[in-house]
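For reference, chains read A, B, C and D in written order, and residue numbers begin at 1 within each chain.
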Amino acid sequence: MSMSHLTENSAGASSRLLSAAKWRWYEIAFWIVAASLFFVFPTRLALLTEIVTLGLLALSIDLILGFAGIVTLGQGAFFGLGAYAAGIAAKYGMGVAPLSDPIVGLLIAGAVAGAVGFVTSFLVLRGSDLTRLMVTLGVGLIFAEVVNQARSITGGADGLQGVMLSPVLGIFDFDLYAQTAYVYSLGTLFVLFVIARVVMNSSFGLSLKAIKGNPLRSRAIGIPVNPRLIATYTLAAAYAGIAGGLLAQTTQAASPDMIAFHRSADTLLILVFGGAGHLYGGIIGAVAFRLMQDAFSSGSPDVWLAAVLNALPSFLNFWPIPNVLTVIFGLMGPKYWSLWLGLVLVLLVLFVRGGILGLVQSIYVRIFPSRNKVKP
Amino acid sequence: MFHKGFFKGILGAGVALTLATGLPAIAQETVKVGLILPMTGASASTGRQIEAAAKLFIAQNGNKVAGKTIELIVKDDQGTADMSKRLAQELVVNDKVSILGGFGLTPLALAVGPVATQAKVPAIIMAAGTSMIVDQSPFFVRTSFTLPQNTTPIAVWSAKNGIKKVVTLVSDFGPGLDAEKSFKAGFEANGGQVIEQLRAPLANPDFAAFLQKAKDLKPDAVFLFVPSGQGATLMKQVAERGLAQAGIKVIGTGDVTDDDLLNSMGDDLIGMITSHNYSTDHNSPENAAFVAAFNKANPNMRPNFMAAGGYDGMALIYKALEKTGGSTDGVKLVEAMKGLAWTSPRGPISIDPATRDIIQNVYIRKVEKKNGQLYNVEFDTIPNFKDPTHK
Amino acid sequence: MLTILFDGIAYGMLLFILGIGLCITLGLMNFINLAHGAFAMAGGYLAVVMMNSYGISIYWCLPAAFVFSALLGALLERTLYVHLYDKSHLDQVLFSIGLVFIAMAIVDYAMGANQQIVNLPPSLEGRIDFLGASIGVYRLFVIAICGLLTVGLQFVLAKTRFGSRLRAAVDDGRAARGLGINVTTIFALTFAVGSGLAGLGGALSTGIISLDPTFPLKYMIYFLIVISVGGTTTITGPFFASILLGVADVAGKYYVPAVGGFIIYTIMVAVLILRPQGLFTRSTSR
Amino acid sequence: MNADVMTAEVAPILETRSLCKRFGGLVATDNVSFKLQPGARHALIGPNGAGKTTFINLLTGVLTPTSGSIHFDGQDITNWTLRQRAIAGVARTFQINQLFPDLTPLQSVLLAVNEREGAGRDWFRPVGTRKDLVDESVALLADLGIDDVMDERVGSLPYGKQRLLEIAVAVAAKPKVLLLDEPAAGVPESEREQILDVVARLPTSVALILIEHDMHLVFRFAKTISVLVNGGLLVDGTADEIARDPRVKQVYLGEEEVVVHG
């Protein structure tokens, strides 16, 4: 093999590796669309803000699950911690900076959650997937109980009241239309996303993928597996804390259900729904999940049923068809939202690997088989 | 107001117009009422009762009032506070509702407070029972009840009816603590003594240990408070623990002997004495009509105190709109609501102009069997009772 | 004091019967089935319907609940679960949570969100005095049934051919397959029996705790605690773990009501830190 | 038992002293004392179940010994972790491929190079910024003849290429001792030669230990050989000595495979 061939090959290799970290057109388009929603749906900004915080929480799970491969049900604990940290700071700040400054609040939320994440990360390093699930779940439950008991600080089961924030950057007050809330949340998400993107495209990020792929081999080539996992777990905890802080600030309250188990479970589902390991999966999953939920919670299945039954051709109008339709539409009400969520999950696991983004990727590969190279 | 100008600039004329003119549009013919209720999750029964009652009221009274058409929008907050707040925001901004209502639990109501204040939209509390909620926003008006209001009468009654020592057992959250505090205050002011205060976690499947503890302390009576829906489990365990055999009376607020669930709780409850603001069994023509209509529309449900709160909440909205002549201005509506008085299915009620809280009769009732069904049968009345902790 | 111990044991026994199927299937197939509680709920609701709507005696309801849940378990195992054994733990967790959600919605639709209560026959109500402690007859009944089942299970595992094959398969599935043991069949049977036991436990529990559509989620955490403390390699481990948990929970609420809620979680996390494989597991050579 | 058959003047790079490993009642490694000289070409042979892989696992820190000690380059490394030993210069390949199925060969090798050079914890510069490290990785892949697939997904490579990558990833750490656990196992005959060639060309700065069943390969490659039987060291010596040793013949008598090959 000639030397010239080698250098040529290697120069290509370097730029090919680097190209993975380049921003692609669809990413830029994604963020432009996200920003433009401000103008497109000026009356739905509260919902969009909620999606943004949910997306940030899902992103934090993506860091630890999608990249480092640790199954966790405890991210809700950090989310809740962040929410209470930011909420309590704002409450005692009485609406005056620095304590009530939103950005300071987020930093506090991230720092508190990150610190607790760092301490508890040592528990997560031990044992199997099941042990990890249990420990993360257990830690979450303990924090939920702490919040419930520490009534004088957290407001107990009634939630924390009196969260007063000073304007963002000293200028923008949180308003009823959630304009400030949306711009502020989306900005925070974008900054944190960019940081996550940089980290996951770095050598550090590559070593995380290696650890996820094969921890034994990772150790055998000298990767310090535990310190890397601790760092990632801490980072993910801080992200979750900031997401919680955002929610507490934009809703001006913190309540025990922010720390509850279902928050962790839902968000895990959201991430898997969107596609883990892509950074965008959590955000896309959050959009899909909340829109679905919103559609269900404001749908009127009675009306649809009546319409369908009216339109039903007579040759189909015999037992049991109308009865079955009645049951199906009956199940479409907001009360039975969990049925459809469960169904989606089961089908997702059985038939669609990698969630929405996985689906998109496999379609893309099918259309352009020539580009079937690994996208690192 | 730099920020408003800033946003106006970038938002374009349409949105800016809405911002500038304020929220309730000037001459709209429909008045939208947004109910935020837990329709799923642990408190789902609360939401379903209120929704059924509110719809019943509209069905009975027509959807026209003071020349306006009433449109009811029901949203499910799943019992989570951040969602209540977001839904309130959306109902105001997106659906342009003039009045909010519902709120199954205290934290859910509290989360909506800032929205009501900011948007100047009246928020009618139809369920949540912690005393201090109405202080959190000048736009809160309550048609349900408060825990001190419902608890104090049973405390006073017990002290005057030969009960000297009591153990309290409440769910560990705002209303529970309100009940605990009010009971102790009312009971001890009348010569009784609370010897132990037990608090069970809100999400607690097993009360056995707490009840055993209460039993071992050998009080004259045990005072119970758990939120609507948990009463069944609690009472089953009370029966199983054999408190009655040990000579310990069981008293409580009517939340425990929820009318909707009472029949399924079994005959063990017969004789239990509670105080509450509403019983399905309340003897009045208004209530007879209400219960009959409710049962007709919802064959599998019995209206309970949550339904009463929802029904009267809608009544309050209708009466206030009549008084303002159809104006949906929030400040005017709340002013109109203050001092309103009428006879509801639960008896005479009015809105305290000072606190915007409800003034109503509180009844002492006993569980009895009538026509093969269990009812809370009222035998004593404390008329026009105000929340005693609220000055 | 004795009463508390007794209540705790009854509660623990119930947890054991509810959760043992999960322990065995987890040990056997390394499969995390978070939907185990749904089978318990199925049995519980069947018992409620039979007792309350048709007035059938509880003594018939219990075996019926067992059979119903076992058949349901066998059906789902053959049609759905079988596709999941070679998938990742994350997939298993998501799949079974999905099943839980579906089960909750179906039950809510069919039965409503209310707590369901059964009215026990008079022979099982009331209390008796035993060594100066007052004991609920129904709890005694629960202990008796669960105790018998535990002894029976232990017998099946220790003395029968099926039991020895099952133990071999739990110990080392690959080796057991090599020895010609049909692990798939054993697993299907175990899954069905485990689900059936859960159904029986669900039916029994309706007399103590109440049943509502959130049952599978509420108790999932308890099952998982039993497993993580008891390990999955024996049935005595989960048994003692259940008893410990039941007694600690009840005693904690009795003696220190203020921190009652913490106790079980703290025990779990402490055990997992000190003994990640569980408190009652023998050290394995794997 | 003294395993030192070479001239003992050079300090051994790797040494075990009375190394034992028990699994329950089973003795997998029985009192093995063993020395490896720098630059050695050593083979570890023995019948199935003799404890060869267990011994390698003990040397590399995948398992911890029940008793005895391990020394590397003058240091007691008995209680070092797999990673610490890897950093110090003990690398290995695995009998069953231990690769990163979702990464590319280039990424896999670069990971090892990164860690060796301390660039692995760099969290803000994109992968590929350190061109020198990429160059080195590419050169190594080229040297082993797998640079043509360096951007493919490892999981989709043919088995022979994966086996080569297994060696490449180990070599990338620039170890002083490299343990090769059946490097050609399961590789089709047509691709076998390539692997043997790669092993033969490894620089003499690396001391090699080869575990192998294929006696052709053992005698072609090894200068010295140790024979493990039932966890214990039966004998060691130069290839010629071992080939003539009657005890070794006796051990292998029943082993059809060896008779056929050897």
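Here is the rule we use: a contact is a pair of C-beta atoms (placed from the backbone, for glycine too) under 8 Å apart; a residue touches a chain by one contact, two chains touch by 3 or more.
All figures in this text were calculated on a predicted structure; none of them were measured in a lab.
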Any chain that touches chain B and chain A: C
Relative to chain D, chain with the most remote C-alpha centre: B
CA centroid of chain C to CA centroid of chain D, Å: 48
Separation of mean Cα positions, chain D and chain A [Å, integer]: 43
Chain centre separation (chain B, chain D; CA means) in Å: 74
Centre distance in Å when chain A and chain C are each reduced to the mean of their C-alpha atoms: 33
Multi-partner residues of chain D (at least 2 other chains): none
Sites on chain B at which at least two other chains make contact: 40, 44, 201
Chain A: positions in contact with at least two other chains: 145, 148, 335, 337-338
For the chain A and chain C complex, residues of the former touching the latter: 65, 71, 123, 126-131, 133-135, 137-139, 141-142, 145, 148-149, 261-262, 265, 268-269, 272, 330-331, 335-346, 348-350
Residues of chain B that touch chain A when the two form their complex: 2-4, 6-7, 10-12, 14-15, 19, 23, 39-40, 44, 75-76, 79-83, 85-86, 89-90, 92-94, 106-107, 110-111, 113-115, 118-119, 130, 136, 172-174, 201-202
Complex contacts: residues of chain C adjacent to chain B: 3-4, 7, 11, 52, 108, 112-117, 119, 125-127, 134, 136, 138-139, 208-210, 214, 218-219, 249-254, 257-258, 260-261
Residue ranges of chain B touching chain C (in the complex, touch as defined): 40-42, 44-45, 48, 198-201, 203-206, 208-210, 212-213, 229-230, 232-233, 236-237, 239-242, 245, 260-261, 264-266, 300
In the complex with chain A, residue positions of chain D that touch it: 60, 62, 81-83, 86-87, 91-92, 94, 98-104, 106-108, 110-112, 114-116, 119-129, 131, 134-135, 137-139, 142, 147, 150-153, 169-170, 172-173
